[in-house]
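So, here's a batch of structures to check.
Paired with chain B in one complex and with chain C in the other, chain A is shared by the two complexes that follow.
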Partner chain A sequence: MIYWGGNPAECHPRHFTKYSLMQKGKFTPNGRKDRTMVLVDIRETPSAKAADLFLQIRPGKDFEMLSALRAIVKGQRVNEETVAETGLTVAQLQDLAAQMKAARFGIIFFGMGLSMTRGKHMNSAQILMLAAEMNAFTKFVAMPMRGHGNVTGADVVMRYTTGYPFGVNLCRGYPRFNPGEFSTVDLLVRGDNDACLVLGADPGATMPQPAIDHLARIPTITLDPKVTHTSRLSRVHITTAVTGISAPGTAYRMDEIPLPLRPALKSPYPTDEEVVRRIRQAVARRPAWLPGRNGKAAI
Partner chain B sequence: MAGKRYLMNAGRTTKQGQQINIGKDSPEYLAITTTIFMNVDDMKEAAITAGTNVRVRSDNGEAVFLCKEGKIPAGIIFVAYGPPTCKLMGNTTDGTGMPTSKGWEVEVDPIA
Partner chain C sequence: MLRITGGKVYDPANNINGVIKDICIDGGKIVADVDGGRTIDATGMIVFPGGVDIHTHVAGGALNFARALTPENQRVAAKFMHTKTTRAGIGGPTPTTFATGYLYAGMGYTTVVEAAVPVLSAKHTHEELRDTPIVDKACMLLMANNEIMLDLLEKGETERAKDVVAWLMWAAKVYGIKAVNPGGVTAWKWGKDCKQLHDPVPGYGKVTPGQIIGSLAQIVDDLGLPHPMHLHCNNLGAPGNVTTTLETMKCLEGNRAHMAHLQFHAYGGDDWHTMRSEATQIADYFNAHPNLTCDAGAVLFGNSVTITADGPWQHLLFQLTGRKWGNLDVENETGCGIVPYTYKGSNLVNAVQWAVGLELLLLITDPWRIFLTTDHPNGACFWRYPEIIHLLMNADFRKERVKKLPAKALQRIVLAELDREYSLYEIAIITSAGPARALGMKQKGNLGVGADADVAIFNQNPDGEHMFRYPRYVIKAGEIAVEEGDIKNVHDGREFVVKPVYDEKIEDFLRPVFQQQYTMSFENYPVELERVHGLEIV
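Moving on to the complex of A and B:
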């Protein structure tokens, strides 16, 4: 298994022990001893201690290294000087390719060190192409290492309701998908939207400053169990119960397996679902703003 | 920006993840998100003493951090994501929906 641009020892602390590296399986009865783990990153993170092989590449050179690795896997020639720019040698990439081909079942876990750095989605595309091409030699898959919380769940539900995972515009009554145009950061930085409902997220502590400034300018409503940076710049903060602790719900694992959550405690606060349902009912009682939509007076 | 540039890499740490769930107003969270880690040689070159404050500037803004030595390759700075990094990160997503949250160029100056 290859971890690329991720640091599971710190960011997904149970991944090694409960999911990927240590677990014993039908074809890996000895657990860790039956597996080879490679870590690719720009710095020696705590995850490097768990790796059999640590490949330290130069920042922003993931795309180049992946291109060279794909070429080597397919038996094509690569330029030594170009490979050297990644901080590695052709021999190191050849060794990695040989180990990947020798695996009975390989997996690449790729993190935000790959997808949020120079190259972004092109880096992710290279990883997915590499995994696809490896299937000419052995079984190989790729899986993204997601952020905290239920990010995978948001993607899965958006996908089965609209056909797209994020950046979906429903203004015309049907879903349109265009990252960079309809995605949250872009809308906020450009100042396109004049209201915002924030559910279980804290953009006020994670997004670029112009996006945060826009959230403060417009009516922002935040639903969160705790007061966050976003709450402080919101017009309204509604405290909700904690899903999985004091509210039922479903969370999706990073491999998209849904996990039903049963609350252990009771909460005096409503669930996110209840608040959204009541807002929706209140909005539905108002006259439509499009002429002829419900026969009532339009604004 | 005219001085030496470093690549700033924001990331997650276990302690930061713990503090997110405890509360973002805690002094621990504040300390974690306002501390950067630099290569020892880079710090010497920039005349930065470990444990002192530095001003970090990018094309998008600036913020003050506590600077510590870390096992970091030369030319790279590591910092845990938080409100101060929001001021420095790129505003555009290059059409991907994802802001450049890692690997943006910054200058670092010691605060006298």
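Moving on to the complex of A and C:
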């Protein structure tokens, strides 16, 4: 089991105990003792304590290390000096490759330390190729460690309704996809949109300053159970019930398995779904802005 | 109320072959007569029962994974505009849910069966089906690699296995049982496959794929399910797999079974260079064994995506093509692989595959036992069915196309020698009446009084492809859904779910096993009734 660029001990606290490291299974009756865990990261996080092997690499050198590892797995020669730049030695990588090949079932969990640092999606592609190629030797899979609550659920629903996971533009009446052009942060930084509905997110706390400035400039509406940084720069904040605590719903695990959420408490606030539905109904009552055939709305 | 008058009616379930008669509709059903209401003049048109797709992949975790994997396909696919009646969407090999409904209805199909659903992600499949409009739906549950079930078979506890299967079916809210590469998907969790029917499954001591096939078919028959076991055999796609397929059919003697996408299981030869069609051998056996039905799983040349629970096969396809590969392992239950694929007319293997699908459709003599499918999107996209219909109805056109295949391929196939042409009556059987009967859906696939008012009306045209691609009217549940290519009326379809009988005490056995082996709690496992939209319990 390899964690790469993630710190589950602090960021996904149930991952070790419920899903990955400690669970006893049919073929791993001793739980933790039947598994080997490797952590690859740029600093020794609390997750390193749980690891059998911790490999500290230099920041921004994931792509190089993954390339070298892929080459070693396939029995190709690697340049010692290039590998040394990653902060590790060829011998360390050879040892890692040997341990990976010896596994009965290997898995790589990769976090934002890999996917959001230098190299970005190229790093993700590289680690996915490593996992794919490992299957020539033993069973190996890779899975991203995602953040932000039900981000997987949003991704899943976007895919079956629009065909794309994120960065979707519906302005032409059909879905178009172009990350870097239609993704939220890019739209905001360029100032392309003239209104914004924020649902279950806090861009005011995490996005770059030009994006935040634009959110403050335009009518921004935030739906959130609590007052967030984004609420403070919004024209309207609507308090909603907390999904999973006082509102029902479905959340998707990182492996895209849906789980039903059953509320334990009642809330005086409406659910996100109810608010969005009522906004939609109100919008539908407005006359269409784009005339179509026979004077009826085209959209 | 609606009356369709003057059209030539093809209703094979009621032995009506091109007779001009009125079809009357009231309250979503076919009735003997109506007084008033709209009349459709169908003079010069043919009237079919709405199409039934017995095997397709249109919803679920695997398909949705494929959508994420192939944005390049979505970019070049047909676009669906957001209008007053329709939602925005995208066609292509993995259409969005709304587009799936419009595409099927736009082709005269009104019932579709999603052929691969794991219990663990069944909630998600039902969510997608809820957003698939117009058509009625049903699901098949993946069972042949379920570890709880295999453990019971290993111990010889078939009686308890029966209750477990029934409980899982109701937990997932499905219509039937699907077996994919029995044992092989479990083996894939060890990076292996099951190539031999009588060798133990890796990870098990005794249980073999042959035993799984036999036991599961028996369980399905004992439970009295309307549809027999829906089987994807071992060794899919491999040269020489005809022996496995014939052996599998022998394991099924005495039971009913539906052989899915038979085209992928009818190859001879020793490797990719010597691969040839064995459609004749398969058809001969199949014709003599009335306990079996099958669907074609035909291939058409062009771009597609392969999506199957057959994980080891997809790994091989990834190695063969060097294209993208997605792999999903579903804990304790099954797996799935996704690889984009392009069938090329110039490729020897693809040419043989193209021919085998058509050969099976032509060599299997009883149209009531072979149905039109492409195993969408594996062999081709479902919206290309009319191309296959044209190939079946016109032998001259077909022979012209055969001539374009690589010369080497011609020695490996028998298609050039087949002169059979499908009649409209037979097309109505393989696209509607036959699959409805095999599914045990009495209200579908026929235009008799009391049947669901699902009707497709086509302008009669010698060009079968054109005729079946553009229905003049499609009526679903008594409403005109499509008129001259426009989606007129969008309403939600129903979902058919079978509730088999089982001993409630089986939960006492399942709960501890489940808590030991699954990462989900037992209470969260079954699909809630309210999650299934338009539920109709059979």
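The criterion applied here is as follows: the second predicted complex is superposed on the first by the 292 of 299 C-alpha atoms of A that agree within 3 Å, B and C clash if a C-alpha of one lies under 4 Å from a C-alpha of the other, contacts with A are read in each partner's own complex, and residues count from 1 in each chain.
The criterion applied here is as follows: a contact is a pair of C-beta atoms (placed from the backbone, for glycine too) under 8 Å apart; a residue touches a chain by one contact, two chains touch by 3 or more.
Note that the structure is predicted; figures quoted are calculated from it, not measured.
Once chain A is used to superpose the two complexes, chain B occupies space next to chain C without a clash.
When the two structures are aligned on the shared chain, A:P287 is found in touch with neither chain B nor chain C.
Once chain A of one complex is fitted onto chain A of the other, the partner contacts of A:Q209 are limited to chain B, with no touch recorded for chain C.
Looking at the shared chain after the overlay, A:L259 reaches chain C, while chain B stays out of its contact range.
In the superposed model, A:G31 lies in contact with neither chain B nor chain C.
Once chain A of one complex is fitted onto chain A of the other, the partner contacts of A:P248 are absent, as it touches neither chain B nor chain C.
In the superposition on chain A, no contact is made by A:G191 with either chain B or chain C. In the superposition on chain A, A:N135 contacts chain C only, with no contact to chain B.
For the overlaid pair of complexes, the smallest distance between C-alpha atoms of chain B and those of chain C rounds to 14 Å.
Overlaid on A, the two complexes show chain B and chain C touching no common residue of chain A.
Against chain A, in their complex, chain C makes its touches with residues 59, 61, 64-65, 67-68, 71, 74-75, 77, 79-84, 87-90, 92, 94-98, 120-121, 123-124, 127-128, 131, 147, 188-191, 203, 315, 318-319, 325, 327-329, 516-517, 519-520, 524, 528.
Those residues of chain A that touch chain B in the complex are listed here as 7, 10-11, 13, 42-44, 56, 59-60, 112-113, 115-118, 120-121, 148, 166-167, 179-181, 183-186, 189, 202, 204-212, 226-229.
Put simply, chain A touches chain C in their complex at residues 18-19, 23-27, 104-105, 132, 135-136, 138-139, 141, 155-157, 159-165, 170, 173-175, 177, 250, 252, 255-260, 296-299. Here chain B touches chain A in the complex through residues 7, 9, 11-14, 17, 20, 23-25, 60-61, 71-73, 75-76, 78, 81-83, 86-87, 89-103, going by the rule given at the top.
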